[in-house]
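Same chain, two partners: chain A is paired with chain B first, then with chain C.
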Partner chain A sequence: MALLEYAIIGGILYGIFFSLVGVGLNLIFGVLRMINLAHGQFIVLGGFGAWIVYQYLKLNPAFGIVLSIIGAIIIGYPLYWAVVPRLQKSADPEMLSFILFFGLAQMIDAAMILGFGVSQRSVPTETLGAGNIGLLGQTFPDSWWVAAAVAVLAILGLYLFLTRTRLGFATRAVTANRAEALASGIEVDRISLLSFVIGLALAGVAGVFIPFLLGSVSPSLGDGLTTTSFAIIIIGSLGRPIGTVVGGLVFGLGTMLMETYLPSWSDLVPYALLVIIVLVRPSGLLGRAVRQT
Partner chain B sequence: MPSARPDQIRQPPLRDGIILIVVLAVIFLVAPKVYGNQSLLLVMMTFVALAQGLNLLYGFTGYLPFGYVGFFGAGAYGMSILVLHAHVPAIPAVIGGGIVAVIFGVILGPLLRLSGAYFSIANLATAQILLLAVANPSLTPLTGGPYGLKLQQVFAPGAAYLTMLVIMLLATVIAVYFRRSRFGLGLRAMTDDRVSAEMAGINIVRARLIVWLISAAIAGLAGGAYAWSISVYYPDAVFGTNISVFAIVFALAGGVGTVIGPIVGAILLYALYNAIGITVPQYFELLYGFLIVILVLFLPEGGLSLLRRRGVDVL
Partner chain C sequence: MRSLIRGRMAWVLAAVAAILVASLGTGRAASPPSEINIGTLYASTGPFAVSSESEYRGLQFWAEGVNKEGGVFVKAFDKKIPVKITAFDDQSSTSTATTLYNQLITQNKVDILVADFGSVLTSVAVPLAAEHHMLLIDPTGSGANFFTQKTDYLAEVSLPASSVWPVPLALFLLDHKIQRVAVIFGSNDFDASQAETLKALLEKGKVSPVYFHAVPTTESNYQVLLHTLAASHPDAVIEFGYAGNDISFLRALASSGLHFDMVFTVFPGQLFDLLIKNVGVKTLSYTLTYPTAPLVTYEKVTNGLNTADFVAAFKKATGRDANFLDVAGYNAGVIIEKMLGTATEFSQLAFHSALMEMSGNTTTLVGDFKINENGAQVGELLPVAQLQPEGRGLKIVVVYPSDKATGKLVNPAPRR
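Moving on to the complex of A and B:
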């Protein structure tokens, strides 16, 4: 029984964190109708940010969050203007953006390897609290609780932004129907740009905790994180940032249960979930069809 | 099948196709005599075949298979297991590898219900599942698990080279057929306008399943011949995502939907990769990542579309 409790509580913490991993990808898809296939690479960049903050600036790696947000602004603005408007005008924005961001992912991967090497970098877990916090007799390192707490705050913040502010209303209007939003005077380009930068920032913030949750950060993690994020946001239904939480929890619990009972096959979890969900319910568990096939 | 008469649509003459196939065959038959590194030429042919197989699917139906390498790996493992456990001779085993890939294609057929990026990502996930399955230590008796397989008892580099040549030419012949036939025309009509194509009597579901299986067969055959030629390999060598990536980049760079595009793209870029990519592969990765971005933004129809814009008809 203790094993099951450990798997379930661990799965919930892990899952909440992975909601944060996926939510940026979902926001960008919802608003821009583009798939940021370099999402995982931006997460890894956030992880390296935390490592740099710890290793060279001798600060608490949590300052990586600030660095990620600044990085998202510095990278996001020029990147958006360089590629997005041109893609929106193309014949098939969704598929072409998919390929383009894939190329970008390759560039970031290569640049990271040239810059940091292929080795895995870790940050000592004590930097986010040396203790373990227990619940129902099961203990987890402080860093897991911090990661889950930051994830909850970030997603709650996004939720409040989308439901309580004018810009948030406009963002949801663009998500629901781009053409009508444009017709009703919403500055669609500005909203898209903002969502793109927020999406990258969320990826970077999630990345800060990657060295703690996955043990280390290395350039090779990017593609796997992209696929995992995609699985999570499809489970929670594409284009609905808040639904990502459901996807994260399903993924977290699935992974932890597999790691507890069938460890040699636990790597399969995100891929198997992805294929099953996509075939059984392409609109996600929360099921509002966002696109017609 | 479409009601339009073939002569109403500009189609490249058959002569061009025959010339192309002969030229390709001669190049790769003569090259090993001039250039000593036969294994490099074999890998080049492998990528020509893969880029062409991917082009059949993406260029003619719009489905971009990110997990295309799954069929390649399935063919490699299918061929090897037939040789090692059933003692089948190499060439029938390569064909067996193709059949294994087709069987996987049938199993994965439901993926075709998905469209666009959904299909691509789900396909990538299935290739990852195959990789994790064959590399799983609990399957070591059958697949060698993470330790890979050895096929030294059938080692015959010359015969493997010729087999790969035949597979590459087969892929080219099929591409020529797609460019010239009513079937290919129907496929294009499907991609352009699904509903009208359906109205014109094209059985969309069946047509794209056929293309999917042909494309799977080519990758499976290529995988089988590749396994035969390298003889000793680990799961990553035949299931690595970078194999799909190369096939996609090569096909896109030359131009999908044409016959020559993927061939030119694969030969030029693979040669470039060997010139600059072997010692520090990241420089090549950086370069082709950039190439993809530029192609999508400025030349979404590939390098050969530069010629087409000038009115040169490209096969």
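Moving on to the complex of A and C:
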């Protein structure tokens, strides 16, 4: 019973964190109708940001969050203007974005290898707290709780932005129907740009905690994180950022339960869930027919 | 007249055919190649990049060294011939590696084929080499599945077969009367074969592991796994994984608040600096590992540089501190060098015969070279060592077997 409790609490914490890992990808897809296949690479860049902050600036790696946001703005604006408007004008932006961002992912991988080498980089766990915090008698490292707390705050912030601000309303309008939003006078390009940058920033912020939850950060992690994120947002609801939370929780709980009782099969979890969801409920657990245009 | 001409033509044709057959049979011996083309793969990205690049660097270091001396001595041609390395990047992908190994054999027509690092990337080369009747020089692919039948086309050169690795470890655990052993391992040839050997040997000694589970090779989160494992109350926890697994496992252990009296992982003994950087001295203190060269040194060698000389020369040439995989790559070169200097013909079968001839009477910087008829390395046995604090760092103390011990085991490990 204790093992089950541990797996459930661990799964919830892990799942909340993975909601943050996937939410940026979902936001960008929802608004731009583009699949950012370089999403995992932006997460890894966030991880290296935390490592740089700790290693060279001698600051707490949590300051990597600030660096990730600044980095998302610096990279996101020019990248958006360089590629997105051209893609939007093409006959099949979804498919072209797939190819373009795949190429971008390979470029970022290569640049990270040039900059950081192929070795794993870590940040001491104690920098986010040296102890363990318990819940219902089950203890987890401080870093897990911090990662989950930051994920909750970031997703809550995104939720409030989408439901309480004018820009958020406009973002939802673009997500619901881009053509109608344009016809009703919404500055679709501006909203798209903002969503793109927020999506990258959320990826970077998630990356800050990768060295803590996955042991280390290295350039090779990117593709795996993209695939997992993709599975999570399909499980939750493709195109609905808040649905990612449900996808993340299902992924986290599934993974931890499998690790407890059938560890050798645990990496099948996201893909098995993805296949089941696509077959049974193609719009995701929280989904509507979001891909209608 | 006609029959005379026909008869002469027949003689001429027969003579031409005889010359052609003779030249085909001995052509290579008659005209030595301008260079010995060694084909290999390396991974610049992906989970095996760190290890693979090190191993490749070691092989390059060897090639540069012999080329400075005018090349390797090839007995079949009775002369020195320069070495050329043809290498492609498989990006840690087995499917890419399959294509590239094929290319090395069929397009580049390399003279000698050397596998990439580790069992995963070697696994696709083993059947390809056999199919094309090429001898595969396998520096570190030690998965036991490769060595199940007699072959002339496989030779493991820088590490014992992974099924042999845990033999001293199992004897050590039995010797210390450790009754409750937990084993967690990656689901790949390299780790699984170690785990299965350990389990079999322990069971022979009437010890059944209290926890014995595989995890995905890409596993990076051990928090819940450690908690599940701790519920079996083990006296010793053995984790068989690649470097990334070991880092994640040890960091999760450090942050979990759990304590085990004895912890064993594989890669601190191979990539010591990488593990120190990522895991830290405190977490690695009192853990056990298989120490490999250059952490253990071999002074007397029959071929190549000894461990200490290699470390110094490698540092001078590359500016890097050598790790085991640099050593393994270099050692592969040393074995190839002796093989070419021994083989009486320049053919794959002659190369294999030369290796069998060298087996048992060759010592290099990783120990005694000894292969069996299945191509498995059965020399170069790995002792068991404990990482003990010394000043602000760690020292490697060999604790088993007793005739190689350099210090005493600290057991149970002090709580962090």
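What we mean here is this: the second predicted complex is superposed on the first by the 291 of 293 C-alpha atoms of A that agree within 3 Å, B and C clash if a C-alpha of one lies under 4 Å from a C-alpha of the other, contacts with A are read in each partner's own complex, and residues count from 1 in each chain.
Heads up, the rule we're going with is that a residue touches a chain if its C-beta (ideal position, glycine included) is under 8 Å from a C-beta of that chain, and two chains touch if they have at least 3 such contacts.
Everything numeric here is computed off the predicted structure, so don't read it as measured data.
Colleague: With both structures lined up on chain A, is it a clash or a fit for chain B and chain C?
Modeller: Clash: chain B and chain C overlap once superposed on chain A.
Colleague: Contact-wise, after the overlay, does A:113 reach chain B, chain C, both or neither (first, second, both, neither)?
Modeller: It touches chain B and chain C both.
Colleague: Between chain B (first) and chain C (second), which, if any, makes contact with A:264: first, second, both or neither?
Modeller: both
Colleague: Classify the contacts of A:95 with the two partner chains as first (chain B alone), second (chain C alone), both, or neither.
Modeller: The answer is first: A:95 touches chain B but not chain C.
Colleague: Looking at the overlay, does A:77 come into contact with chain B only (first), chain C only (second), both, or neither?
Modeller: Neither partner.
Colleague: Quick check for you: in the superposed arrangement, does A:220 touch first (chain B), second (chain C), both or neither?
Modeller: Once the two structures are laid over each other on A, A:220 reaches chain C alone.
Colleague: Between chain B (first) and chain C (second), which, if any, makes contact with A:6: first, second, both or neither?
Modeller: Once the two structures are laid over each other on A, A:6 reaches chain C alone.
Colleague: Considering only touches as defined above, state whether A:230 meets chain B (first), chain C (second), both or neither.
Modeller: first
Colleague: Tell me the contact category for A:122 with respect to chain B and chain C: first, second, both or neither.
Modeller: Second partner only, chain C.
Colleague: Can you give me the overlap between the chain B contact set and the chain C contact set on chain A?
Modeller: 109-110, 113, 264, 267
Colleague: Which residues of chain A touch chain B in their complex?
Modeller: Interface residues on chain A, with respect to chain B: 35, 83, 86-87, 90-92, 94-96, 98-100, 102-111, 113-114, 223, 227, 230-231, 234, 264-265, 267-268, 270-272, 274-275, 278-279, 282, 293.
Colleague: What does chain B use to touch chain A in their complex?
Modeller: It comes out as residues 62, 64, 110-111, 113-118, 120-122, 124-126, 128-129, 132-133, 136-138, 241, 245, 248, 252, 280, 282-283, 285-286, 288-293, 295-297, 300.
Colleague: Which residues of chain A touch chain C once you look at their complex with the stated criterion?
Modeller: 2-3, 6-7, 10-11, 14, 109-110, 113, 118-122, 124-125, 131-132, 139-141, 143-144, 213-216, 218-220, 224, 255-256, 259-260, 263-264, 266-267
Colleague: In the complex of these two chains, what residues of chain C are touching chain A?
Modeller: My answer: residues 44-47, 49-50, 53, 92, 184, 187, 213-216, 218-225, 227-228, 231, 243-244, 247-249, 251-252, 254-257, 274, 277-280.
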